[in-house]
Structures are given as C-alpha cells and as structure tokens.
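The structures considered in this document are given below.
Next, two complexes with subunit A in common: one pairs it with subunit B, the other with subunit C.
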Partner chain A sequence: MAYAQPHPRLSVVSNSSQSSVDHLSPTTTSTRFSLPSAPSIHAAVPSKTATNRPSIYDRNLNKTRGAEVSAASFAFLFSEIVQYTQKRVSGINDLERQLNTLGYRVGTRVLELMMWRAEGSSKAPKREIKLLSVLMMVHTQVWKAVFGKPADAIERSVENPDEYMIIDNNPPIERHISVPRDMSQLSCSSFTAGIVEAVLDGLSFPARVTAHNTPNSQYSNRTTILIKLENQF
Partner chain B sequence: MSHHLFLLSPSDTPLYSLTHQSTKPVPSVTSPLASNLPTWSTSAFAGTLTALSGASSATQHTSSGAVRVGGGQDRHVIQMIANAGLDVIEDVMRKETAMYLKSVDKFNEWTISAFITPGNTKFVLLHEGKNDDGIRSFFMDVWELYVKTMLNPFHTAHSAIRSSVFDNRVRASARKYL
Partner chain C sequence: MTIFGLWVVNKAGGLVYQRNFADGLAPLTSNEYLVLAGTLHGIHAITSRLSPVGSSSGVQVIEAETFKMNILLTVTGTKFVLLTSLADTSADTILQKVYDIYSDAVMKNPFHTPEMPIRSDGFDTRIGTLIGNGQT
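Up next is the complex of A and B:
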C-alpha cells in the first residue's frame, strides 16, 4: 500500500494517516525485509510509543566519539562473521572477497563519520585531494578511529610505483584468530582491507586493496594491507 | 525566491530533492506544500524555451488558462541546470580542498552552489541571489543529517532517502537559513 506512493512528501499532501508515512521512516524499514522476528518486536511495542521512539536523527554524533567497544564482544562478533561467511563461500579467495565487501560497508560510514567529527564544526570544512595525505590519513586517523592506534608503517612498493603498503604488527581483529594450516593463505584482515578500499574510493582514489600475512620473527600476526591504485596519480 | 536542493550519490543518481520557497526577502508564510510540487507544463517545450532564453519574468498562459511565471519554474529545466552544473563541480572538486563550493556555476538567474561530502556525495543547490553564510550553514545541517542517514545499516550510498524525519529536518533548516 505505502509503496504506491514512494515519496513521503506526496503522501502528506494526500492527508493520509500517519501510519503510511511511518512505513517509510528508517525505524520501520524492517518491514521491507521478511525477518520473522521483526514484526513481533513491533507488535510488543504499543503504537504510541513506537512513534515517539527517538530516531537516529535525534542523536548527537559526538556522543560516542571516545567510546570503545569491548574487545571480547568484538572478537565474538567477528568470529561469527567469519564463520557465517565461510559457510557461504567456496574457497579462500571468495571468503576474502566477502570479508572485503563487509568491510567496505563499514568503511563508507567510517569515512563520513570520522570526517564529520573532525570537520563538522569548522567554518570551512576541507577534503583531502592529494594521494599522499589521503594515505597518511588512512594510516593514522582511520586506524585511530577504528582500532584506537595508528598503523605501524606505511611503505611504497619498490617494484611497482602504484602500490602502497600499510603494515600493522598486531592487528586487533586477528588477535584471537589462528588460521588452520591448510588455509594459511587466508588473512581475516581482508575486512580491514575493505575499510581502506571504501575510504580511498570515497576520496576518489579507486584502488584494489588486499590483505596478506607477512609474519616476521618478532610479530607472528604481522599483516600487510596492499593498496594497488587503479589509476596512476 | 526559490531554492532547489538535490542530493546526488557518488555515481550521480538522485537521492533526494527539495524545493524551498524562501521567505527571507519578502516576509510571508511559506507557501503550502502543494505549490512546491512540480508544476508540469502542458506544453513542455514552451516552458523549456522560456527558461533557457532567460526570460525569467515573463508570464505565460498555459492551455488551461492559468497564468504562471515562466522561466526556471519547470521541474525538468531545474534538473537540467543542476545536472549541467555537475561538470563544473567535478572539475573544481579535483583542485579545491573545500567541501563547500560556493557559486561554482551560473545559468541565467540561477547560481549553483555545491557541497561535496568526504564520501563523494554531492549536495547541489540552485539559488537566486547571494547568501554564502546561510547556504554554508544549511549545507552543514544537511551534511549532519546525511551522516546520520548513512549510519543506518539498511541505507546504502545509492539508495534514495525517503525518511520523513530527514525531510522535515531539511525543511526546517531551509526555513532557518535560506
């Protein structure tokens, strides 16, 4: 019914009931997805309080600025993500690509929110348009926003000038993961690679980003995020 | 004085649009919603020609006998001007680091200002007259609302924004600053 009038503004004109407008608000988008549990949640809430529920637009974006997520709950969630994904793919490459896609969704939000927090109160907000400053921003600001610490190194490939590497000696998302020997190719940091790819894409430096295990004697979890730029800048 | 706002995704698909009748120069009540809706011309080409020739003050009789102001009031003309501005915006955004690009393009009576979010979403505003500070404040408000929309896990960078809360907030901000 509600989708006959895709624009909420139009449905206001027709003076239709509040409920048809509500259908389109983000709080009830679950109606679009046939999640079996979703309707029961809404049924439990009396309709009056449902309309008064604070939407995301009422929240202050700086409220959770310094908040940290429990490492234990993140490790649990991430392990579920990897298991869920592994059941639905054929092979390591596919698994890495799926993790990359999931990371990409996170990355688009990280970029937008991080920049808003940095520049949102400034008189003349700025974007980065130089490749090197974008890479430095990924190395420090993005890593700080996501992992709470800057990455350990950033290098330019000697053989291929369009390749850059960001190195994390002990990536927090892999701290509780030990990859079986027969899957030694797999790097769960593909998720991080997806975040980096989204940030670079957003700032119009499209690149293919992959993650690789590069352990050394000191750090067995050392990971290299390899950035291969699509265009020469 | 009217303002036209368009939100465009990184691949230039329209996400949201708003027409706002400003009350600033002549203080009066904001016109009702119905008059903000597109006024489809019965003779589409006549409207386009009037608009493109720059005859902004010419009035025009439609076949139904109603008199309306020609020149830029037609929805498709507005959209065309906004899309034409995109080329200039894309040129400028490669060189300038500012997110707020004021008056990047002009077409007849319309000035085009734009705001580029870090994720490459473009806010394009068609306006008449100069109001740099007001437009900047308006864009900053829209950016905050857009960031909040983005944080919704069901939203993707390419899905249209249909939230009525978003719409109301943008309208409120437009009333405040434009």
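Up next is the complex of A and C:
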C-alpha cells in the first residue's frame, strides 16, 4: 500500500484513521462488505496539488439532503444492475440473493447517513431500541430517504408472530420492469429487501428479509417485503 | 377516426411489435407482416435519399383510398407506424405517446433485449390504455 510509511508530518488523527483502514483491509472483509480499495478514502489528503475541488468524502453530508435523483436515470441504472447480475447467476433464487446483497450494501450506508442527518444535530441524540419503533422507522423514514415516500402499509403476520410485512403498492424501482412469465416468482424488490435487512442488522434486530409479488386488482406491482426476525423480541 | 393497428420496426427493418385494434384490416400471417415491415423500411430509406432540397427524414404519411400509415422515425432509427382511417388527426400525438411508453416500459425493462421482439406486459397494458382512450 502506498501509505505504509506515513509522512512524519501527518497528524496523529490521520495516523489513527489510517491504521483503522488497514484494519479493514480486503483480507478481513466478508462478501457483503467489500470496501473500495483503501487509497481512495485518503486520496483527498495529498490531492491539494492536483485540484482544488473537494473530494466527495470532504463534502458536507447535508449538501445533498434535499437533492433528488432523476427517476429515469435510476431506472436505467437499476435495469443495468439487474441485467449484469442476471448474467452472472444461475437461477432465480441466486439472482434474488445477489440483488439482496447489493441492497444490503446500500442499506448500511442509508442507515448511517439517515441517522447522522436525523440525530446528528439534535441535542439529545438517541437510537431506536424498540422493535416496533424500528419497524415504523423503516416503514416511514427509510422509505422516505430512499424512495421519497413512505411505504403503504406495515402488518404483522397472523400465523407467525416473528414475521412482519411492509407493503408498497407501487415500488419505484419496479415501475418499468415487466418480469417474463417464466420467471414469475422473481421480485426485483429483493434489492429493497436487502436495504431493509441491512438497516435492521445495523440496529441489532437481525432478520431475514425477502420480497414477494402480491398483486391485487388495483395495483399490479404491489410488493410485500417479508421480515422474519431471527430472535424473538 | 379509427386506429387499426400499430407496428414497431427496429433500426434494421425487423418487425418487433405488431398489434391490431379495430376490425377492417386484411388478415395477414405474422410472416407477411414481417415482409411488409421490411418493405416499408426499404421505402423509407429510398424516400429519405430522394429529397430534392436538403436532407430529409423520409416518408411520414402514406395515404391510400381507405386508410393511411403514419410513420414516426426516432433519432435511434426505430420506427413507429400507426394505421388509421383517413379522417384521423390524432396520429402524431398518439405516436409521440407510444414513443414515451416505449422508452419507459421497454427500454427501462431489464428483461428486454434491444432490437428483439417486444414481450412486455407493461408495454401491452399501457398501449391498450392509450389507444383505447384514443378511440373514445
């Protein structure tokens, strides 16, 4: 690594952050947490010579708080993600698992950023520790942060008390997707399920989250995100 | 004011979508439709080369005794063809909306292969809604 021998003038703070990067070097990562190669995080430190533009890591996190992403661009990007993934898997279950993994990586970042924005400026920051308020937060805040609108319903399963369902009548990521008939069990909302799984994991409510198509007469894209908690709370 | 049918022709002249909406068209086999679409593609190419003054985007309307064909050429070379009655004036706006729906329901669908026949429920449904509305 280029930074193995830090410059003596580097401050103590950056030294410590550096060792933490080393600690997370790719050898210790699981499949879910493949970090970008470490130098990119530190690229901003010596970059003063190259350009005055601050790197994305130096930017104020609130700068894009109210920013919106073009739905068309996202639709094309997500379409490419699905095509890319589909070429590298065998079968629908595998595809759903891969999408879930990709969503998981988004979810860890969504949780961190959302928490920072919501609690960072408050005088008495707190974290959610009750299951129901965590689920409500996923239903409302997470959905708003990711999709710009709250989900449509949240329900508890009648048969299995450890199962909860979040229902979206028209998920934005599936709006333009028509799944062929021979793959009818596939739900591209597995990506959303991955986001939810990461948020729940991050708040210490480990769960297995899956997505299912549950169309009704009014909404043909209606999707249920099924949360199966690993422990009883 | 009748809309008889809609064709989508890809940039190579292959018919990727064909659907009839009203009775009155001669019944044809899918093979005959493919040949006709290919011929239309050729005619279009000829007309765009024939223009006496400057460049031309090619034929836009072909009028016959009982019906007319309205052709919309997109910048990527895909052609949308709407078969309507002679009195119809809405063809241009409908073709524009068909192009909108095509960009949404076909091009953003990860399960569609470009230049291949369109098999997308979303496209079928939205076209049905559009042209159904167009006729009333």
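Keep this in mind: the second predicted complex is superposed on the first by the 180 of 233 C-alpha atoms of A that agree within 3 Å, B and C clash if a C-alpha of one lies under 4 Å from a C-alpha of the other, contacts with A are read in each partner's own complex, and residues count from 1 in each chain.
As a convention for this text, a residue touches a chain if its C-beta (ideal position, glycine included) is under 8 Å from a C-beta of that chain, and two chains touch if they have at least 3 such contacts.
Treat the numbers as computed from the prediction; the structure is a model and nothing was measured.
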Using the superposition on chain A described above, determine whether A:62 touches subunit B (first), subunit C (second), both, or neither. neither
Which partner chains sit in contact with A:157 here, subunit B, subunit C, both or neither? Use first/second/both/neither. neither
Would you check which partner chain A:202 touches, where first means subunit B only, second means subunit C only, and both and neither mean what they say? first
Touched subunit A residues, subunit B compared with subunit C: B
Considering only touches as defined above, state whether A:113 meets subunit B (first), subunit C (second), both or neither. first
Who does A:184 touch here: subunit B (first), subunit C (second), both, or neither? neither
Which partner does A:125 reach: the first (subunit B), the second (subunit C), both, or neither? first
Could you tell me if A:93 is touching subunit B, subunit C, both of them or neither one (first, second, both, neither)? neither
Within their complex, subunit A touches subunit B through residues 6-10, 12-13, 21-22, 24-26, 29, 32-33, 55-57, 59, 61, 105, 108-109, 111-113, 115-116, 119-120, 124-129, 201-204
Would you tell me which residues of subunit B are touching subunit A in their complex? 10, 33-34, 37, 93-100, 116-120, 140, 143-157, 160, 162-167, 169
So in the complex, which bits of subunit C are touching subunit A? 104-105, 107-111, 119-123, 125
Using the touch rule from the top, collect the residues of subunit A that touch subunit C in their complex. 72, 75-76, 78-83, 86, 176-180, 183, 188, 220
